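Read from first to last, the chains carry the letters A, B, C, D, E and F; within each, the first residue is number 1.
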Amino acid sequence: MKKIEAVIKPFKLEEVKDALAEVGIEGMTVAEVKGFGRQKGHTEIYRGSEYTVDFLPKIKLEVVVADDAMDGAVKAITSAAKTGKIGDGKVFVSSIDEAIRIRTDETGNEAL
Amino acid sequence: MKKIEAVIKPFKLEEVKDALAEVGIEGMTVAEVKGFGRQKGHTEIYRGSEYTVDFLPKIKLEVVVADDAMDGAVKAITSAAKTGKIGDGKVFVSSIDEAIRIRTDETGNEAL
Amino acid sequence: MKKIEAVIKPFKLEEVKDALAEVGIEGMTVAEVKGFGRQKGHTEIYRGSEYTVDFLPKIKLEVVVADDAMDGAVKAITSAAKTGKIGDGKVFVSSIDEAIRIRTDETGNEAL
Amino acid sequence: MIAALFAAPLSAQDAAGGNEATPGTETAGESSDTSTGTDPETAGGGDAVDTPAEEEAAVLNSGDTAWMIVATALVLLMTIPGLSLFYGGLARRKNVLSILVQCFACTALMTLLWTVYGYSVAASGDGQFFGDFDKLCLKGVGVDTLNGTIPESVYFTFQMTFAIITPALIVGAFAERMKFSAVLIFLTLWFTFSYLPVWHMVWGGGYVAEKWEAIDFAGGTVVHINAGIAGLVACIVLGKRQGFPKSPMPPHNVPFVLIGAALLWVGWFGFNAGSQLAADGVAGMAQLVTQVATAAAAFTWMMVEWITKGKPTAVGIATGAVAGLVAITPASGTVGPMGAIAVGAASGLVCYWTATSLKKALGYDDSFDVFGVHGVGGIVGALLTGLFFIDAATGAETIENKLKGQIVSVIVTIIWSAVVSYIALKIADLLCGGIRSSEDEERQGLNVADHGEEGYQL
Amino acid sequence: MIAALFAAPLSAQDAAGGNEATPGTETAGESSDTSTGTDPETAGGGDAVDTPAEEEAAVLNSGDTAWMIVATALVLLMTIPGLSLFYGGLARRKNVLSILVQCFACTALMTLLWTVYGYSVAASGDGQFFGDFDKLCLKGVGVDTLNGTIPESVYFTFQMTFAIITPALIVGAFAERMKFSAVLIFLTLWFTFSYLPVWHMVWGGGYVAEKWEAIDFAGGTVVHINAGIAGLVACIVLGKRQGFPKSPMPPHNVPFVLIGAALLWVGWFGFNAGSQLAADGVAGMAQLVTQVATAAAAFTWMMVEWITKGKPTAVGIATGAVAGLVAITPASGTVGPMGAIAVGAASGLVCYWTATSLKKALGYDDSFDVFGVHGVGGIVGALLTGLFFIDAATGAETIENKLKGQIVSVIVTIIWSAVVSYIALKIADLLCGGIRSSEDEERQGLNVADHGEEGYQL
Amino acid sequence: MIAALFAAPLSAQDAAGGNEATPGTETAGESSDTSTGTDPETAGGGDAVDTPAEEEAAVLNSGDTAWMIVATALVLLMTIPGLSLFYGGLARRKNVLSILVQCFACTALMTLLWTVYGYSVAASGDGQFFGDFDKLCLKGVGVDTLNGTIPESVYFTFQMTFAIITPALIVGAFAERMKFSAVLIFLTLWFTFSYLPVWHMVWGGGYVAEKWEAIDFAGGTVVHINAGIAGLVACIVLGKRQGFPKSPMPPHNVPFVLIGAALLWVGWFGFNAGSQLAADGVAGMAQLVTQVATAAAAFTWMMVEWITKGKPTAVGIATGAVAGLVAITPASGTVGPMGAIAVGAASGLVCYWTATSLKKALGYDDSFDVFGVHGVGGIVGALLTGLFFIDAATGAETIENKLKGQIVSVIVTIIWSAVVSYIALKIADLLCGGIRSSEDEERQGLNVADHGEEGYQL
C-alpha cells in the first residue's frame, strides 16, 4: 500500500475531495498546516511596525491506497489542486507496511 | 524502527494513551485532524439552509517504536480505540530509517 | 528522497527555519501538535481541583529533501532545536518514493 | 376592533386614569412639549430656542436629561460593540476585522458628518425634503440651549447615535466583498442624500410628516426600512460572494453573534424609550413593549425553525430577537403590550420567511440579511403601527387614514433610498475604480487584504 | 454589638444628620413610599393605584423613573449577555451554544409568561402564597398608571428582568447534559410554582412578609436561594456528566467567564440599587455596599485560593465576585460599608469551601456551582442581613427577632423550591421521554445535537 | 483668537441666550454648586456637609442622582470588562489571563483601599499634598449625607471607579513579564503615594488647584498623565520582553481589542459627563465633545496609518479612539464642538507618532502603549484645555495664565508620578525578590505560570 501526502491550498480541498471520490477513494485524513516555500507571504501591521508572515495556511491531505490505485489518486489530486500559481503545493508518496481497520481488525487493502 | 500512525475517535485518546503506557511506550505525538470516510457526518443549519459536515474531528496519533515493540503497540491501540461503531479509525504502519533524540543526539532505539 | 520529521519546542521554530535556510532548504511544512514523553507537564487548577496537563504543545516540522541533503538538514535541525533540557524532541527520517510539484508536475528532486 | 383589542391597555387606562394623555398628542402630562418624537415643532430640536412660545416653557428637567444622556450611551452601545459583534460573528474568520473596522469607521465618520452638516440639514428649517444650513457646525447650540426639557446638546448627540447606526446596518448586506474605500464613500453619499432627507421628511416636519402625519416613533422608516433597502440594492449591485450559495458560509463565532444580539437588545431601550425624550410613562411603556415584542419575535423564530428544520438554532433565536426589535420600533410609542406580542410574532414569522425562503428563491446574496430583517421587519412594523393605533383623545379608531399614512411613508422611503443607493454605488464605483475587492483579496479575506491584520492568533 | 459596629455608619449618620430616615422604614425622606423593596403595600406595584391613600401621593418623579428605566436595562444585561457568557465560557466548547440558547430562550419565554400571568400571580392580590388574576395580560396597566413615583410599566418591566434571570441561573447546574425541550418545560413549571409564590410570599405581602417580616431587599431568597436549590435538585436528579469527576472539564473560554462576571457586576447595580425603586440615598448606599462586598469577596476568594492551591486563578476571582454579589443582595438596603466588607469576605470564604471541598465530598455534579455560589451565598447573605440589621428608628438592636425572620424565610424557600423542582423535573421527564440527552448526544456536544450548529469556525 | 474660534459655540450661545453661565464658573444655572469638577469647595465631596453655607443649599436632586448612579456603573464598565478586553486582546494568547486577572484584582483591591483610607486621604481636609483621616472607613458618611445635589455615597463610589481604572491603566505597560505579586504591591504603593496626593492637589483643593487653578475637568492629569508616566517608568525598570522588538508580538484577539475600545468609549460618557456631578447642560455638552473628539482622533489615526502604511488597521482605529478619549478628558467641561475636533485630531496625530516612531526610536517596551496613549494624550489634552479656554464671565481670553496653570500641573504630575513609581518598583522588588517573572515563566506564558490556567480550550 502507498501513502499519498498532499499539501494543497485550503480552498482547493472540496475539489480534491470530489476528484478522489470520482476515482473511487472514499477515505482520507486532512490536517491544517502551515507551509513555507517559494510562495511569498504577506505583510501585517501592528502599531506602525510591519512584519512578514511567511508561513502560509495549507491543507495536508493523507490518503492510503492500494498500490494499483496510486497513479489514479495522484493524478486526481494534482489536476484538481492545480491553479498554476506559485504555492499550489506538493504530493509525496511513500510505502505503508500495514494497515488495520480498528473496528474490524481487517488488514491490508481490506482495511482501506 | 516502525512508525505507527493511528487515526482514532477523539474521546478515545486517554484510553489509548494508557494502553500504550501499559506496554511500556512512554512517548507519542498527537494532532487534531479531520477525517472523511464511511462514517457519515451530521447536518448543520444556518439561516434556514441545511448543509452536511462530512469531515469529522479525529485524533491522529504517531508513535515510533522499535521493531519488536510494534505488534504490542498496535494491539494496544486497536483494542483500546475500538467501539465497534463505524468511524473507529485506522492504524497505518511504516518504516523509519533513523531516529534522533535532539537533546542527546542519541540515535536508533535509544532515541525513542 | 528522504522525509525528515522533527518534533521540536514551539519557540525554536524560527531558529530551525533559519538553520535550514542556511543549508539551502527553502521548503517545509509545519503543524501544531501535542507531545507526550519524558518531559513532565504542568498542573492546572479549576474550581479548586488540580489536574496535570501532560500533552505539551510542540511543533512538527516536515521536510522532504534529496538523499544527499539529508545529513546537512538533520544536523541543522538538531543543533538549532537543542536546548539540552528534557523535551527538546525527536527527528525521524523515512524514505519517500516520489514527490510531485502540483503546479508544474515536476517530479523527483526537481519537485522539492 | 382588532386594534381596540391590541391597543386596549392604553386607552382603557386613559379612561380610568381620567387623563387624555397619549403618546403622539400635545397633552401628555409633564412631558407635553417632547411627547411626540414625530412632532414637527420639536423634532427639529433647535426650534425650541427660536419660537418664543416654547422659550418660556423651556425649563431643563434633570430626570429627563439623566435618562437621555444614558439613552444616548445605550444607542452608541448598539453599534459598537453590539452590531459590530452581531455582524462580526456572522462573518467568516478571514473577514471579521473588516466588519469591525467598517462599523468603527462608520461611527467616527458619521459623528463628524452629523456635527458639521447632518444635524442642520436634517433637523433645522422646514423645507419639504431637506432642512437648512442654519446649524452647520452646531452654530448657536451651547451649554444652555434646550430642546424641550433637555439640553439641545443631548438631543443632538442622541440623534447622532441614530445617524451612526443606520449606515452601519447596511454594512451587513455587502459584507465580505466590498473595498473599504468604496464602503466609506458609499456610506457618506447615502447618509447625505438618503438618511438626512428621509429624517427631515418624517421627523423634521417635511413632506411625509406634514402631508401624511405618518407615525414613526423611533425610526422604523427613517432607520430600518431606509437601511434595509440600501442593503438590498448594494448586495445586488455588488453581486454574490464567491461560492454563494453553493458552499456553506457558517458564522465563525456564534457566541459573538449572541453577545451582539444581546447588546442590541439592551441598547434598544435607549433607542425606543429614548425617543420619548423624557423619563415618563410613555418611555416606560415604550421599554415594556420593546421587551415584549422582542421576546415574542425571538420565541416565534425559534419555534418556527424548530418545527420546520427540526432544531432551534442559536443564530435563529438571535436573529428573531433583532427582527422583533426592528418591528416594534415605529410602534413603541403607541402600541400596548398585547399589540406588542402581535407585532413581535408577526415580524418573527415574516422575517424568518424572507431570510430563508424568499432569499433562496430570489437568489440575491444579502450576507447577513439586512433587507430580510431590517427592511422587511421595518415594513411589518410600520404597517402594524397604523393598524394598532388608536386616537385615545377621540377614542375613535382611525385605522384607514392611519394606515394610508404609514403605507405612503413606507413607499416614499423605499423609492428614495433605492434610487439614492444605486446612484451612490455608481459614484463610488467611479471614484474607487470598482467597488468590489479582487478575487484574490476576497479569497484571502479582507482582514489581511484591507487592514493588514489577522483576527486571531490562537 | 457586632451589629452596631457593622451597621454603624448608617445609624451614626442618622444621628448626626438629625434625620431618622433609614432604609426599610416609612420615613426615608422624599422616597417614602418606595423606600422598602419588601414593603407589602408597595411591592405589589399595582396596589399603588388601588389604595386611595397613595392615589393622591402618587406623582411621577422623572429622576426616579430615569434611574429605574436604566436599572431595568442593567438587570437584563445581567442575563444577556452577562450570565450567558459567564456560563458559556465555563462550558466545554462543544456545549457553549446550548448554554447561550438556554439563556436566550429563557429570556424570551419568561418575558411572555411574566406578561401573561406572572406579574398578576406574584404582585397582585394578597393571598398567603399566590396573588390573583386581576392583572392577567397587564389588565388595567397603562401609560399613566403609577407605582409610587414611577410608572407601573417600569416597575413591571424591572420585576420582569428578575423573573428572567432567576430561572436562567438554574441552567448552570444541569448544563451540558439536559435536553433543550426538557429545559424549557422544567423552567416554565418551576417559574410558575416556585418563583411566583416565593415572590408573593416575600415581596407580595404573603406568608413570609406578613408573618415574619423577613428582609430581602433585592432578592437573596426570592432569586438566589430559590434558584440555587432548584439547581442542586436538578443536577442530582439528572446525574453526573459522563466522566465527571475523573476527567477534567476545564472552561473552554476563560476570557468569556471574566467578561460575563464583569457584566454581572455592573448590571447588579441595577439589581440592588434599583430595588429601591428610586434615585435616592438608599439607592446610592445600596450601590456602594454592593461594590464593596463584591470586591471583598473576590479578594477573599483570590487569597484563599492563592494560599491553599498556590495560585490565584482567573475563574476563582470571577466566581468570588459573583459570590459577593449574591450575598450582599438581601442586605444591600440595610447594611453599611463595613458590614458589606464582612458580608463579602464571609461569602467568599464559605462559597469557596462549598464549590471546592463540599462538592467534592458529596460528589454531586453542579456543573457551574449554582448551588455553591447562589444557594449558599444567598443563605450567608440572608442570615447576615438579620445579624447586621439595626432598627434606626428605635436605635434598638433587634437581632434575635430579625434573625428568626431571616432563618424562617430561608427554610421556607429551601423546602418550597426543592419540592417544586423535584416534581417539575418528573413532569418534564414524562413529557419529554427522559430529561437527559443521549450518551452520544452528550459526547458529541449539545451545540450540534440540540441546535445543529458549531460554536466556532476558527 | 484661535481660542475664540474653537470655544465660540459656547460663548456665542452665552451672548445670544443672554446667559453668562459657562462650565467652570459659579453661575452655571441650577447646577451652580456642582458645575466645577475642579472647584476646591465641592471636589472634596465631604466638605458639602461641613460648610454650613452649603448645608442648607444641599437638597437631593433625583435626576442628578439617577445620572450619577449610572455614571458610576459606566466608569466601572470601563475597567471590567472594557480595559480588560482592550489589553487582554492585545496580549499574546499565553498571557491573556494574566491581564484579565490583574485588572480584576486591581478592581477589588482599589475598592477596598479607597474605602478604608483612599477617599479620606484624597477628598477630606485641606492640606497641600494630602488630605486627612477624618473619613477613614467612610466615617460619618451615611444614607442621608449629601455632596451637592447627590448622596455622598454616590460621589464616593463614582470617585472610587476612577481610583480603580487609574492603576489598572498602568498594567498595559509592564504586561506579559511582571510577577503577579509584584503587580499588586506596586499598584498599592503607587495608588497610595501618587494617585491620592495628585488627586488631592488637583481636585481636593491642594497645591495645584489652589496655587494654579489648573483645569482638569475629568482627570487628564490625575488619571491619564499620572498613569502614563507610571507605565513608562515601570516598563523601563522592568526591561523588554524576550524577543522584543525583533520578533513580532501581534495581538491574539483583535475583536477583543475592538470590543474593549467600544466599551471604553461608551463608559467614558460616565467618566466625562459624570464629572459634572449633575444631569445638566454642562454634562450634555461634555458628552457631546467626548463623542466628537473621539471620532476625530479615531478617524485621524486611521487616515494617517492608511497614508503612511498603506492600510488602516483595526488596532489602529481602536487605539486612535482611546487617544481621543484621553485627550478630551480634561477639556470636556470647557471646550466646544469645534475645539473638540481639534483636540481629537491633535491627539490622534501625536499619539500615533509616539506609539509608532518615538517608541521605536527610544526602544523602550511599553507593551500596549500606556505612555504613548495615556501619558502623551493626557498632556496634549491638558495643554489644549488651557489653549481653548475662554472665561465667558469676562469674555476675556486668559490663555497665558490658563496655559501656565496647565503646564505647571502637567509638570508636577509627571515628576511626582515618576519618582513615586520608581521607588514603589524598588520596594516591590525587595519584597518579591525581583519583580520580573523568570525566563521560563515568561516563555511558557503567565496564564499558566501565575494563574494555573489556560485561556482557551478551542
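The definition used in the following text is that contacts are C-beta pairs under 8 Å (C-beta built on N, C-alpha and C of every residue); 3 or more make two chains touch, one makes a residue touch a chain.
Given the structure is predicted, the values throughout are model-derived calculations rather than measurements.
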Any chain in contact with chain E as well as chain F: C, D
Interface copy of B-E among B-D, A-F or C-F, judged by whether over half of the contact pairs recur: C-F
Chain C and chain E: spacing of chain centres that average the CA atoms, whole Å: 53
Geometric centre distance via CA averages, chain C-chain B, whole Å: 18
For chain A paired with chain D, centre-to-centre distance based on mean C-alpha positions, whole Å: 48
Cα-centroid distance, chain B relative to chain F, in whole angstrom: 54
Touching two or more other chains - residue numbers and ranges from chain A: 31, 44-46, 50, 94-95
Residues within chain D bordering two or more other chains: 61-64, 66-67, 70, 250-251, 253, 279, 309, 311, 313, 315, 452-454, 456, 458
Touching pairs among all chains present in the structure: A-B, A-C, A-D, A-F, B-C, B-D, B-E, C-E, C-F, D-E, D-F, E-F
Chain D partner contacts - residues on chain B that touch it in the complex: 44-51
Chain F-facing residues of chain C, complex: 11, 14, 42-46, 50, 53
Interfacial residue positions of chain B with respect to chain A in the complex: 2, 6-8, 31-38, 55, 58, 60, 74, 77-78, 81-95
Touch list for chain B against partner chain C, complex: 3, 17, 26-31, 64, 94-103, 105, 111-112
Complex contacts: residues of chain D adjacent to chain F: 49, 60-67, 69-70, 72-73, 76-77, 80-81, 84-85, 88, 96-97, 100-101, 104-105, 107-109, 111-112, 115, 137-146, 150-154, 156-157, 160, 180, 253, 256, 279, 450-458
